[in-house]
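In the two complexes below, subunit A is the common chain; its partner is subunit B in one and subunit C in the other.
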Partner chain A sequence: MLQFLLSGIAIGSIYGLIGMALAISFYVTRIINFAQGQLMMVTVMITAELVSSGYPVWLAAAAGLVSSCIIGILSYLIAVRPILLSNRFSFGWLVSTLGFAVIVENAAAYIWSPTSQAFPPILNNISVPIGSAVLTGQQLLAIVTAAILAAGFEIVRRYTLFGKLGMATAADPEMASAIGANTTVVAIIAFAVSAAFAGIAGLLIGPTTFANPYLGDTFGTYGFIAMMIGGGTERPIAAMFGGLVLGICAEGANGLINSQASDWFPFIVLVVILIVSPKGLFSASNPLFRPRRPAAASR
Partner chain B sequence: MNEQSSPVLEISSLSAGYGRFDVVRDIGLSVGKGEAVALLGPNGAGKTTVLRAIMGLVKQRRGLIRIGSTDVSDLPTHRIARGLAAIAPEGRRLFFDQSVEDNLLLGALHLRHDRPRAERLLSSVYDLFPVLRNYRHRLSSFLSGGEQQMVAIGRMLMSDPQIMLLDEPSVALSPVAVDIVVKAMLELRKRGASLLLVEQRIDVATRVCDRLYVMAHGEIVEEMTPETVRSGGMSILSKYLG
Partner chain C sequence: MNLTSDRQASAAIPGSQAGSWRTVGLLAVGLAYLAATAYVAQSDLGLQNLVLVAAVFGILAISLDLVAGMLGLYSLGQGGFFGIGAYATTILANDYGWNVFALLVLVLAATGLVGVAVGAMSLRVSGLYFAITTFIFTLVLTVLATDMVNVTGGLQGLLGPAFPDFPGGLQWLGTPLVWCTMAGLFLSLALVWNVRHSPFYPVLLSIRDAEPFAEAAGARTAAIKVGVFGVSAAMAGGAGWLFSFLGVVSPGQFDWSVSLNVLVMVLIGGINTTVGPVIGAMFVSMFPNVVNINPWLQEIVYGALSILAITLLPDGVVGVAKRLLAPRVGGSAPATGIVAVDEPPPAAAILPATALPTTPPEIIVECRGIEFGYGLGPKVLRNVDLTVQRGHIHGLIGPNGSGKSTLANVISGRLTPHAGQVLVKGTRVDGMPASSRSKLGLRRTFQAAQLVKELTPTQNVMVGLFDRVPRIMGRAAFWPMLASGGRDLAAMHRRSAETLALVGAGEWTSRQVGDVPHGIEQLTQLASVCVAGPDVIVLDEPATGLSAKEVKHLATILANLKSQGVTMIIIEHQTRFLFPLCDRVTVLNAGEVILTGSADEVRADPMVRQVYLGE
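Our next item is the complex of A and B:
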């Protein structure tokens, strides 16, 4: 049981990072970037390519992350901004971000061929015993990295001027521009940060999945489920908690039902959770997490 | 406008609206330095659209809008908001998931590299509305309507703008809160601020302002002073305001 739990937390951390990636861009712009999984794939493919060409892993990983960020920004400038400029309330981005995802995915398959390629093991060949369970060094790295990034993001969001500006833009973009915020720049930064989160998830899962141009489909979907389960549409860190729930459910289903159960069980979990708590388990509107009104005294 | 004062805000031949429809047509008005001017009119007259056009929040606008020596007709909103104009909008539109002080400090966004000036402005807002100092760490969503209006006015002050735009600051407030807001506007006038106030309440406009423009059907139809309103102009206003 401990093994399922720890493995679930490890893979859930990856789902949570992709869920947060989706949630960060949605939080600021109210746009779901359906190319988020493909941005993760870009980091994986570029890293694998550069390592196979003889570059050190850290340099290849950095180049992979920068590439994802650039393509993330392009996804906003090409697939989102023109649509919002013509009509702020249009849902055209649903199709355009999907189209962007298809283009990136097929370009990757054309460049690197549709088959999987080697990915550097990073810490995947190290075993870490925890009680009666065993995690790979890579899994442990995923958990620690996800925890640091989720906490770091929340600290930036709540305690820095840029984070507060992001919150203001999320709450009322027109009023944010009326206090001097360049909301286009804020949106571009949000898309770049999202892409970086997705790319880091790619680096953490790459040693397990290897480098494949179609990696983004599966992980993009799981990231979306993580965001919806957690309630990441209201606050991005909830997507991380959603990812952990999803990971534990998927690993538990694999172990307790059958080895293919993780393909369908999370969707059942998603439907049940959305019926019980439509805005997600950890959303700000959940009574458990809603801020309390202070007492009327202290004037 | 005082004869000796130069206009802080000058608008001529302004038409603005949404889609293919002009809400306001051929508007001309000015606000002098240290002057307070009201835009009066019934619902739908186009008063809010004039304020939104000044802030660059209406995409479709034609004509000249000058603030100080800067032509802002084609400037994006975030550039206008950096010390040229600031707005306390209708409905307050605070950032409700943030504290009172965060709302105020966001108003001074363009002064983020000039911390002493931002601190001075924050202190002056707390002097104007002492109750906000006690509530500075409270979420703005937990304030009463009157307190929220104080934060909206404070946020506007924080950018230290050349012209302050206030959109119906008295609407939906208790008589006590209206009095506080009016006194705050009078205090701002003492400090030398230039105000353009959109109002439906004639008593508020005449207490605060030097001049009043009356709008109807998207056009300015009358220009009056508080004195002319008191000495018989009320019947003219009633014709438009009902």
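Our next item is the complex of A and C:
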């Protein structure tokens, strides 16, 4: 039981990081970046490539993250900004971010061939017994990293001028730019940060999944579900909670129902949650559970 | 298959001269379509397959455009309905030997019902959340199709049934499936073309852009949304039925990425256009077959093209074509829609307003002990009593935040009071939705005009006729094709244009509302209310933002309406405009009625002078 809980939290942290990545870019631009999973994949592929060429892991990982950030910023400049400039309320971003995802994914498949490649184990070979359960060092690392990033993000969002600038841009970009905020820069930074979140998720899961150009599809979807379960569209940190719920449900279903159950059980959970609270479990509008600061949360 | 000419023909207007051109144009398009179908039915399998897939996705894209374009509901559930149609057909035809045509009826009915159920559930949320709820519906169905291996064949899928051959004498026609699919596409196109040219179309757009306006005009917006979503789901199910004859039916063909791709088709082709979705579907589905290079490079090109298309043509291919072909705004182009009609309007087209009883004075609107508050905040209305006599103009004044607009919303049905009663013509209406009150002859305008920006004032005024036109919804699917439909439409157009002229906005009929000045928006609102011949009108700050001249003009119009026996409740700050019009004035302060009396009494009251007139 403890084992399911802990491995659920570990994989959930990764879903949560991707969910938060989606939520951060959504928070500032009100669009869902369908290329988010692909941004994660970029880090994984670049890191794997550089490690196999003989560079040290930390350098390769840093290079991977930087490339994700660059491609994340490109996704904003190419696929998001032009659309929002012409009509802030159209759904055109859906086409363009999806198109961007298709380009990145297939470019990766073209360069590295669609098969999986080795990924450095990082801490995957270390076992850490916790009570009756055993986690790998990598799983522990995932939990700790996710906790630090989520908390750090929330602190920056709430207590720094930049975070408030982000909130202002999220609420009303025209008003924010009228009071002197450079909304483009805010959005670029948000996309870079969200790409970094996705990339870090990639580094954390890479040793388990290996490097595959199509990694982005699966994890992008799970990240999206994490965001929806949690209600990350209102507060990015809620996506992390959503990820944890999703991870625990998936692992629990695998262990307690059958080995295929993680394919469908999370969806049942999601449907139930959306019926009860259409905007997510941890959103301000949830009738069952109200966050402490609904006024801030509803931004 | 020259579909673009259909668009041009469809831009024609019901009217005497344009009508005959339209007939010729439609006939030409129909013949071309028939010839193209015959050609494809005789040609090789490669081309047939290309066209069939494009046509099936065309139907799917049209089904999405019906809800996304006209109602603003970006459904990502189309893939799910598509899958239900395909799987139901395959399983029931292969394993149980059901007749495929009987299955079509079943599939249409079943997916329609599922659509209604999903719609009713998802419509609690709007915008992006609607998209997400329907997305999850598709996700769950895909997971079911993958995991229920015994029934669905799992990831491998099932081989679809064979389409029956033509009977002996008709075999020269070629492949029957081509004829059937093209007929399906044609019917779908005809359906949306008709809806788009029917008087129901402005109503749909007003539900999309200005829901309170549609509700106040008598439209049960939630029910209409669910109903249209059901129709759209049935169309997607029908596309699935056709798809099952094309080969293997497997979960990958219906997953969420298909739903997204259908939205991509609609957006690239042009949202809220008749043929745009079909063009988008042709582009997306034919692309891999026409561009034949390394599969990954091909995908990269596809991604780049879709970004380019949506960035350079934000309104889609057809949207841009339409803008290029449209007459310049402000040019001397003839007013769309108000072609002169010589025949008298048929009596049946527009029901007359209810006849006025002849026994004034009589109480027409009464509020008793209304209590209301927003959320947990303080009460905004406290024990408010209001009595309005038939034929009166009743002013409602008070400082900002005194509850005037809230009271107007309670009377018109936007808000339900916590306690107290609202009676219109002696009928209790609290608890009734806003749309039902419109049938009692109660209409309202909004402080911030609620109109559809992309339609002309005339079309916006037509929304006001919603509950004066019998069976406006049921007939929308075929109405514009009938001769009587043309007459009815012309009559409604004329009635709307006349009403606009009556309120003094006659020269603005052909512009889009998005381009008219604020004063004209207010007058359009007023016309959309007057066109239905209401008994009571609630006007929420009608003079806001009008110039002095316009305010004077408005006063004349309102005085005119009064002389026709219309009762009015007017909320207004400009007492100089309001008081001369009013028979009675009620003063609200902090949610309570402090005085009701004639304009002079109110003006003379020391308390009113203190709290409101600031003396």
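Here, the second predicted complex is superposed on the first by the 285 of 299 C-alpha atoms of A that agree within 3 Å, B and C clash if a C-alpha of one lies under 4 Å from a C-alpha of the other, contacts with A are read in each partner's own complex, and residues count from 1 in each chain.
Basically, a residue touches a chain if its C-beta (ideal position, glycine included) is under 8 Å from a C-beta of that chain, and two chains touch if they have at least 3 such contacts.
In this text, all values refer to a predicted model and were calculated from it rather than measured experimentally.
> With the two complexes superposed on chain A, say which partner A:180 touches: subunit B (first), subunit C (second), both, or neither.
It touches subunit B, and subunit C stays clear.
> First (subunit B), second (subunit C), both or neither: which does A:278 touch?
second
> Please work out whether A:66 is in contact with subunit B alone, subunit C alone, both, or neither, and reply first, second, both or neither.
Once the two structures are laid over each other on A, A:66 reaches no partner at all.
> Where does A:147 make contact in the superposed view: on subunit B (first), on subunit C (second), on both, or on neither?
neither
> One more residue to check, A:260. First (subunit B), second (subunit C), both or neither?
second
> Output check: A:87 vs subunit B and subunit C. Expected answer is one of first, second, both, neither. What do you get?
Once the two structures are laid over each other on A, A:87 reaches subunit C alone.
> More subunit A residues touched by subunit B or by subunit C?
C
> Contact-wise, after the overlay, does A:134 reach subunit B, subunit C, both or neither (first, second, both, neither)?
Neither partner.
> Where on subunit B is subunit A touching in the complex?
55, 57, 76-78, 81-82, 86-87, 89, 93, 95-98, 102, 105-107, 109-110, 112, 131, 134, 138-139, 142, 155, 159
> Quick one: in the complex, what on subunit A touches subunit B?
161, 164-165, 167-168, 171-172, 174-175, 177-183, 284, 291, 293-294, 298-299
> What does subunit A use to touch subunit C in their complex?
Residues 32, 34, 78-79, 82-83, 86-87, 90-92, 94-96, 98-103, 105-107, 109-110, 221, 228, 233, 260, 263-264, 267-268, 270-271, 274-275, 278-279 of subunit A touch subunit C in their complex.
> Once bound in the complex, which stretches of subunit C touch subunit A?
Residue positions touching the partner: 68, 74, 121, 124-125, 128-129, 132-133, 136, 139-140, 143-144, 146-147, 256, 260, 263-264, 267-268, 294, 296-297, 299-300, 302-307, 309-311, 314.
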